[in-house]
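Labels A, B and C are assigned to the chains in the order they are written; within every chain, residues are numbered from 1.
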Amino acid sequence: MKPLEIRALSRNFGGVRAIADVSLALDSGERRAIIGTNGAGKTTLFNVVNGQIPPSSGEIFLFGENVTRMPLHRRATLGLARTFQITSLFRNLAVIDNMIIAVQALTTAHFVFWRRLAHYREVLGRAEALLEKWRLTEFRHEIVRNLSYGTQRQLEIVMALAGNPKLLLLDEPMAGLSAAETHLATDIILNLDRGITVLLIEHDLAAAFKIADRITAMDQGRIVAEGTPEEIRQEASLQKIYARGGVRHE
Amino acid sequence: MADNRWGLWSAIAFVLIAAAIGGMIPPYDTGLLTQMLIYGIFAMSLDVLHGYTGMPSLGHAAYFGLAAYVAAICSLKLGWGFEAAGAAGIAASALAAALFHLLALRTAHSYYLMITLAFSQVLWSLAVSWTDVTGGDNGLPGVLRPQIGSWSFGSTIAYFYFALAVFVVSAAMLYVFVTSPFGYALRGIRDNEMRMRALGYHVWAYKYLASIVSAAFAGVAGELYMYLNNFVSPSALSVTVSAQVLMMILVGAAGTLFGPVLGAGVFVILQYVLSTYTDRWLFVIGVIYVLLALYAPQGALIYLRDRLKARQRRSAG
Amino acid sequence: MNFWIINTLNGLSLAMILFLLAAGLTLIFGLMHIINMAHGSFYLLGGYIAISAIRLTGDFGTGALLAVLAIAVTGVIVQRLFLARLYKQEMPQALLTLGLLFIVADVAFFTWGGDPLLVPEPRLLQGGVRFLGVIYPLYRLFLIGWGLATAFFLWAFLERTKIGAIVRAGMDDEEMVRGLGINMPLVFTAIFALGAALAAIGGVLGGPLLGMFPGADFEVALLAFVVVTVGGLGSIRGAFLGSLLVGLVDNFGNVWFPQLSLFTIFVPMVIVLALRPTGLMGRV
């Protein structure tokens, strides 16, 4: 059973085809990177898979279940989590509160309004443990909007991990990070449990080649190449795309 | 996650002091104190929507007035006892919110503001024009204060203690509500709805329940107010009341329970003091609104806290 | 038959007054995302100032022009002095205009008193016209014509002029327009003043029909809010359609179910929003 399978997926905006006839399948535990220039349709693909926008045509399967018309909050209950390219946190809440909200989402506690959260030791404990594990404990009482950008990006990933996802979509986790921070973020992703399947969009090709088992290249809404990092390096057609698109090649 | 023992003790102290003061001061002032408690419940109920969930409502008087009308009609026209009439009023407000939000939750931010305003105006115009039932502009006078068994809360002082008891119960219930897992989810929705969905929250259900809870407590306040005055009129449903309760939150601090209660207290005092010196009450409200919008849209207390922090930072650095 | 003609025309004339308010409301929202709670105040002040100015000058045209100019200037001041400082802060902007609504209501009450005042009809437009077997007030026909003309000119302004193109582009993507080196703050001020002036025209021209009194600001503004909610925020065409719908429904509602007044408007609003949450012409 594939964690994610996409069949002939398309999405139009007005007359523009943001993604066209994209098919893709991930193996369990696979790390897959999607590369491509700006406007290649990578983020749109994420938004459709995640359920934020409906596809114009095609089908999506999560762990064998057809989720094409499933609302996004229910996709999360199947084990799908994602991060956002533009940091998407609870800016006016403390780091620990961000984690609590992320942790309790998929527990039985999440709709309880007749009992204080303080009674849910397991939720609090797991939130603290995650902060500890990803070295964010020192910031636990900081309000998120006051954190450095790098720390916010880190929290962005850790929050996606809070619900024990089986499939993780990472939308440009390194965007805007310094070299040292990129290194740290790469480490976080490399150290993820192998039980988690990871699909990531990455502009930083060096990082993408380091993390991914396989790479899918997109251009103008279509998949133009797919293979191991070695195979992709050899692919002549990609050189042209990158020459045209002018993407950073670090 | 602050497990706040200080908060609990100061709340208990607040209640005890209020209870003592209420028994010692002249009846008129006890009446003012009762008003503060009632508006306190009302402002807390709106803050569940406005401050915690980020749903800016300009029609909260709808639930305040509706419960008051329904309770008054049930006891005056149907001869129901206090318990039944009171429950009917609160149920009516909750039900109205449940029906109205089937529609209102299809709309986003600015639309929500306008549609809540429109909704409250519809109830207001019904109260004005459906004279057979509502008494029109004259309203419904002559509702007696509660009588539970052999306990009568008819006197000013007895009614004050009645309101205080309802206030304590309401505040405790709302406190559990906003500190529950559900309450945390509401704050998450306020800050970032999309992320909440991606995390697996069914955002609509949270907003829906929050709006019903908020309406029910607004109804509690509305009924208390109606019994205080033995009277309800269309003005209980007016936009001025909606605007005033919003102002109470902003005079305090949005996203807290303490702030709106403090704001309600300040509001009642301000209204009392100003009404003895001037009849330009609307003008004063307007100016306060302009100042709050420019300098303290999250609440005057939050503005003061930020100023204090900035000063500390300056003197430290 | 006469019943239908007269009430349809009555509904249309109300619709045109509403359109004058709703057009400004929707433009201001579409471009600046401001819910202008004080829009009714521009209407009320426009009407009151016209009454005083007409009394002073003895001429409807001069008085009306003075009133509209005064409100346009007021609009510039409000936008520059207050709203520009709250750029992109939706809730504070709504609160601020709510405050202005109260302030203006109070000032108007102390200046013009609590009794309803009518703006005098211009002498040229007094009397009735006979057609299709009914006699109908000339002034109301003029009002309908004025509303239609305003709708046409607004449409032409937005679709056919360079400034209109900038406004439309600004509604879609303000950053992009700023990037082109266009002075958006100036465009904001101009559109806000235009909206205020339109509301004032609504007050001046609606004044002979509806009168000016404490609470008129809110009463009319509320209908205009319903119009833009039904029509779709940010769309002139939506404002026009919404005005027709609300004007006609309100008029026939008042004739058939006088006890239910506002409630009859709420029903079509519920239906429209249930089917299209962003209104008839709203953008998604």
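Criterion: contacts are C-beta pairs under 8 Å (C-beta built on N, C-alpha and C of every residue); 3 or more make two chains touch, one makes a residue touch a chain.
On a predicted model such as this, the values are computed, not experimentally measured, just so you know.
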Each chain counted as touching chain B and chain C at once: none
Greatest separation from chain B - chain, by CA centre: A
Central chain of the complex, centres being mean CA coordinates: B
Centroid spacing, where centroids are CA-atom means, of chain B and chain C in whole angstrom: 32
Chain A and chain C, separation of their C-alpha mean positions in angstrom: 47
Centre-of-Cα separation between chain B and chain A, whole angstrom: 41
Residue ranges of chain B touching chain A (in the complex, touch as defined): 1, 3, 176-177, 179-185, 187-188, 190-192, 194-203, 205-206, 209, 213
For the chain C and chain B complex, residues of the former touching the latter: 29, 33, 35, 82, 85-86, 89-96, 98-107, 109-110, 218, 222, 225-226, 228-229, 233, 258-263, 266, 269-270, 273-274, 277-278
Residue ranges of chain A touching chain B (in the complex, touch as defined): 50-52, 71-74, 76-77, 81-82, 84, 88-93, 96-97, 100-102, 104-106, 109-118, 120, 123-124, 159, 162-163
Sites on chain B touched by chain C in the complex: 56, 58, 103, 106-107, 109-111, 113-115, 117-119, 121-122, 124-126, 128-131, 239, 243, 246, 250, 280, 282-283, 285-294, 297
